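Two complexes follow with subunit A in common, the first pairing it with subunit B and the second with subunit C.
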Partner chain A sequence: MSRQIVMPFGPQHPVLPEPIHLDLVLEDETVVDVIPSIGYVHRGLETLVEKRQFPEYVYIAERTCGICSFIHGMTYCQGIERVMGLEVPERAHYLRTIWSEYSRLHSHLLWLGLFADSMGFENLFMNAWKHREFVLDVMEETTGGRVIQGSCKVGGVRRDIDQETLKKMERDLKGFEKGLKEMANVFLNDDSVASRLRGVGVLSRNDAYVCGAVGPTGRGSGVPIDARMTGYAAYGELDFSPVVEQDGDCYARCAVRVNELFSSIEIIRQSIDRIPGGEIEVKVKGNPDGEYFSRSEQPRGELVHYVKGNGTKYLARSRIRTPTLTNIPPLVKMLQGCELADVPVIVLSIDPCIGCMER
Partner chain B sequence: MAFFEMAKTAIRSFVGKPATRRYPFVPGKVTPLSRGHVTIDVASCISCGMCMKKCPSEAICVNKDEKTWTIDRLRCIVCNSCVEVCPVHCLTMDTVYSPAVTTHSGLEVFHITYVKPEKPPKADSVDENKEQA
Partner chain C sequence: MKPENQELRLIDTAHLIGEVEDYRNKGHRLVNVSCTRAGEEFEISYSFELDLRFENIRIIIPLDADIPSISGIYWGAFIYENEMHDLFGVHVRGMNIDFKGNLIRTTVPYPFRNTSFKGEGPCQDR
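For the complex of A and B:
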C-alpha cells in the first residue's frame, strides 16, 4: 500500500463558484476518502426571523439563495399559509408554478454552463448562458427582478401576469425550445462530453437511497424522488412525471437536468393553458400560531422550510434545509475511489449551492 | 455518438451578431416593472414612517422633528416593500439602477417640504360663534 496524503480542495478553487472545503485523502492519484467541512458563508438568516415581522421575512427567505430565490420565498409562504389556514386563490397557485419552472430553467441552464466550463468546453458554457438570458428577461418582464423576483407574498402573489403577456410567453417558448434542443444535442450526443462524463463518480441506486440523495442527484441514480409529485401549488393538476436516469454517473445527472429543461417547458405550457382567472391574493388577518414543515422541489432537490409561530407578528423559529446539505453524504460516496482529476467534475455534478446550504 | 456537434452553433455564433450589448455605450435593457432604485417626492411625504417600519433591511429612516427622509443605498435591497405601503404614494420605484455611491456610507438625505394644509374652520363652529356673539 502506498503512502496516504491529505490534500486540501477549496474553499477557494478555480472550479468552485462557492466556498466548500474538502480534505481529500489520496493514495497516489486515487481519492480514498473525503472529509467535507462547511461554515465559510454562514449568515444567520434563521435567527433573523425573530427580529422581522413574518410578512417581511419573505424577502429574507428569498435571499437565502441567489438562484432558486423564488422557490425559497414560495416555500416559506406555503408554510405560513398552512399554519394560518389561508386558502390561496387558484390563479396564484398557477402563477407560482410558472415562476418556479422558469427558476428551474434558469438554474439548470446556469449549471449546465458551469458544468461545461468545468470540463473545459468554453463554447458550450457561453451557449448555455445565452439561453439563460432569455429566461432572465422573462422573469424581469413579469416580476421586476432578474434573479430576486420578490413576487411571492403570504396569501398569494404580488403581481399578476395579464393574458396577453402569457400568450407571448407561450409563443416565445417555441423559439427558446428550438435553441435548447440544439444545445441538448451537444450535451447528450457529443463524444467529447460523453468521454469526460461516462462512468465518472458513479452513485449506485442503493447508495443514493441510503445516503438520502435528492433532486437530480437521486434521480440520476434511478431513485424517482421529486417533491413536485406531492402536488403543492398547481402541480397536482398538471401532467408530468419525474425525469429518471439509471446509470448514476455524472453523465446521467447531466442528462436528467437536460431532460428536465424540456419537462419544465411542458409544465409552463400546461400552466399557461389551464390558468384560471380571478383573484391573486387573499387578505391576511391575525398572526401565525403553530408549526409546519413546508416541502417543495428546488432545481437541486427537495427543500424544507420549517416555520413555528407563537401568535405574535414575529415567528418563534424558522429552519431551512436545502438540497445541497442532503447531497453532501452522496458526494462523499461518489468521490471515494475516483481519480484526483475527476474531483472538480464530480463536485459540480451535485450542483452545490453553498450560500444556500449555510443560510 | 457523434463528433463536432457544437460546430454548427459555434460557426453561427462566430458569424452572427453578438449576443450581448455594448453596455455602457448602449443603455441597459429595462422593463416597466424593473426595480432600479427608490425615489421620493419630498413635497407630498407626510412623514408617517410606514416605509421605515416595513423596510426589511432597515435602510430607511424618517425623522419627523428634522423633517428628513434618509435612505442608505448600500442597505436597500430594492424589494418594493416601502413603495407598496406608502399611504400617499410619494415613493416610486425607478427602473434605472442608482449610480455607484461615492461616500463611505451610501446615505442619501432628503428634506421633506410637505406642509400640512390648514383646515378650513368648520361651518357649525362658525355658526355657534355667531350665535354666542
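For the complex of A and C:
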C-alpha cells in the first residue's frame, strides 16, 4: 500500500462558487476517502421563525437560495397552507408551476455554464449563460425580480400574468428551444465533453438509493425520484415523466439536466394552455396550528420544508432539508476511488448549492 | 393540487432500529431526519418514502438522552445525525462517520438547543 496523504480541497477553489471543504485522503493520485465539512456560510435561517411572523417568513424562506428562491418560498407556503387547510385557487397553482419551471431552466443553464467552464470549454459556458439571460428576463418581466422573485405568498401568489403576456411567453419559447437544441447537441454529442465526463464519478443505482441521492444525482443513476410526481401545485394535472439516465457517471447527470430543459419547456407550454381564470389568492385568517412536511422538486432535487405551528403568529419550528445536504453522502461515494484530477468535475456534477445547504 | 397524505407514528426509542430496518427491508428511501425542541424534550422525526407514499416515525427523548445511529442501515444518514449533533447537541451513538462536532462549524455551540424567543412582542423586546 502506498503512503497516504491528506490534501485539502476548498473552501476556495476555482470550480466552487460557494465554500465547502473536503479532506481528500490520497494514495498516489487516487482518492481513497473523503471527509466533507461545512459551516462557512451557516446563517441560522431556521431559527428566524422565532422572530418573524409566519406570513413574513416567506421572505426568509426565499432567501435560503439565490438560484431557486421561488421554489423555496412556494414549498414553505404549501406547508403553511396545508396546516391551515387553505384551498389555494387553481390559477395560483398554475402560476406557481410556471415560475417553478422557469426557475429550473435558470438553474440548469447556470449549472451547465459552470460545468462547461470547469472543463475549460469557455464558448459553451458563455452560450449556456446567454440562454439563461432569456429566462431571467421572463422572470423579471412577470415577477419583478431576476433572482429573488417575491411573488409567492401564503394563500396564493402576489402577481398575475395577463393572457397577452402568457401568449408572448409561449411564442418566445420556440426560439429559445431552438437555441437550446444547438447547445444540447454540444453537451450530449461533442467528443471532448464525452471524454471528460464518461465513466467519471460513477454512482451505482444501489449506492444512490442507500446514500439518499435526489434530483439529477439520483435520476442519473437510474433512480426515478421526482417530487413533482406527488402532484403538488398543478403538476398533478400535467403530462410529464421524470428524466432518467442509467450510467450514473458525470455524463449521465449532465444528460439528465440537459433533457430536463426540454421537459420544463413542455410543462410551461402545457401550463399556459391549461391555466384557468379566476382569483390568485385566498384570504388567510388565523394562525397555523399543526405540522406538515412540505415537499417539492427543486432543480437539484427533492426539497423538504417541515413547518410546525403552535397557534401563534410565530412557528415553533421550520426545518429546511435541501437537496444538496442529502447529496453530500452520494458525493462521498462518488469520490472514493476517483483520480485527483477528476475531483473538481465530480464535485460540480451534483450541482452543489452550499448556501442553500447551510441555511 | 393533490394534497399528500402523510402518516406519523410515535414509537419508543428502543424500537427505533427495528422500525428503521423494517423500512429498509421493505425498500423505503430515507427522506429526512429532523429534530425539534419541544419544551424539555426533543422530537426526532425520521421520514421515508416508497412509491410516493410518505411515512414518518417519531421518537421523543429528554434533552440529555442519547439515541442510536441509523447510519448502519441507511449509510447516508450520517449527514443528518452529525447535523443534529452540531445544531442541537443530540448525542448519536455509533455513527458510521462521526465528525465529533466539526461538520457544521458554528460560533456558538449547539445554537438550536435553546430557543431564544418565546411569545409575541415588538422587535426590540425579542
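Assorted remarks:
Rule of thumb we're sticking to: the second predicted complex is superposed on the first by the 359 of 359 C-alpha atoms of A that agree within 3 Å, B and C clash if a C-alpha of one lies under 4 Å from a C-alpha of the other, contacts with A are read in each partner's own complex, and residues count from 1 in each chain.
Following the convention adopted for this analysis, contacts are C-beta pairs under 8 Å (C-beta built on N, C-alpha and C of every residue); 3 or more make two chains touch, one makes a residue touch a chain.
Note that this is a predicted model, so its numbers are computed, not measured.
When the two structures are aligned on the shared chain, A:F176 is found in touch with neither subunit B nor subunit C. When the shared chain is aligned, no partner comes close enough to touch A:F262: not subunit B, not subunit C. Judged by the touch definition given at the top, the superposed model places A:I38 against subunit C, while subunit B stays out of reach. Judged by the touch definition given at the top, the superposed model places A:F240 against neither subunit B nor subunit C.
Once the two complexes are laid over each other on the shared chain, residue contacts for A:V304 go to subunit C alone; subunit B is not touched. After overlaying the two complexes on the shared chain, residue contacts for A:N189 are found with subunit B alone; subunit C is out of touch.
Of the two partner chains, subunit C is the only one that A:K313 touches; subunit B does not reach it. Between subunit B and subunit C, C touches the greater number of residues of subunit A. When both complexes are aligned on chain A by C-alpha atoms, no subunit A residue touches subunit B in the first and subunit C in the second.
Looking at the complex, you find that subunit A touches subunit C at residues 35-40, 42, 44, 46-47, 50-51, 82, 88, 93, 209-212, 225, 229-234, 236, 292-293, 295, 302, 304, 306, 308, 312-314, 316-317, 319, 321, 325-326, 328-330, 358. Residues of subunit A touching subunit B in their complex: 52, 56-57, 59-60, 63, 121, 123-124, 126-127, 130, 133, 137, 140-145, 148, 150, 158-159, 182-183, 185-186, 189-192, 194. Across the complex, subunit A is touched by residues 1-3, 5-6, 8-10, 13, 19, 29, 31, 33-35, 54, 56-57, 77, 79-81, 84, 93 of subunit B. Of all residues in subunit C, those touching subunit A in their complex are 1-4, 6, 29-32, 34-38, 45, 47, 52, 54, 56, 74-80, 83, 86, 97, 99, 102-106, 111-112, 115-120, 123, 126.
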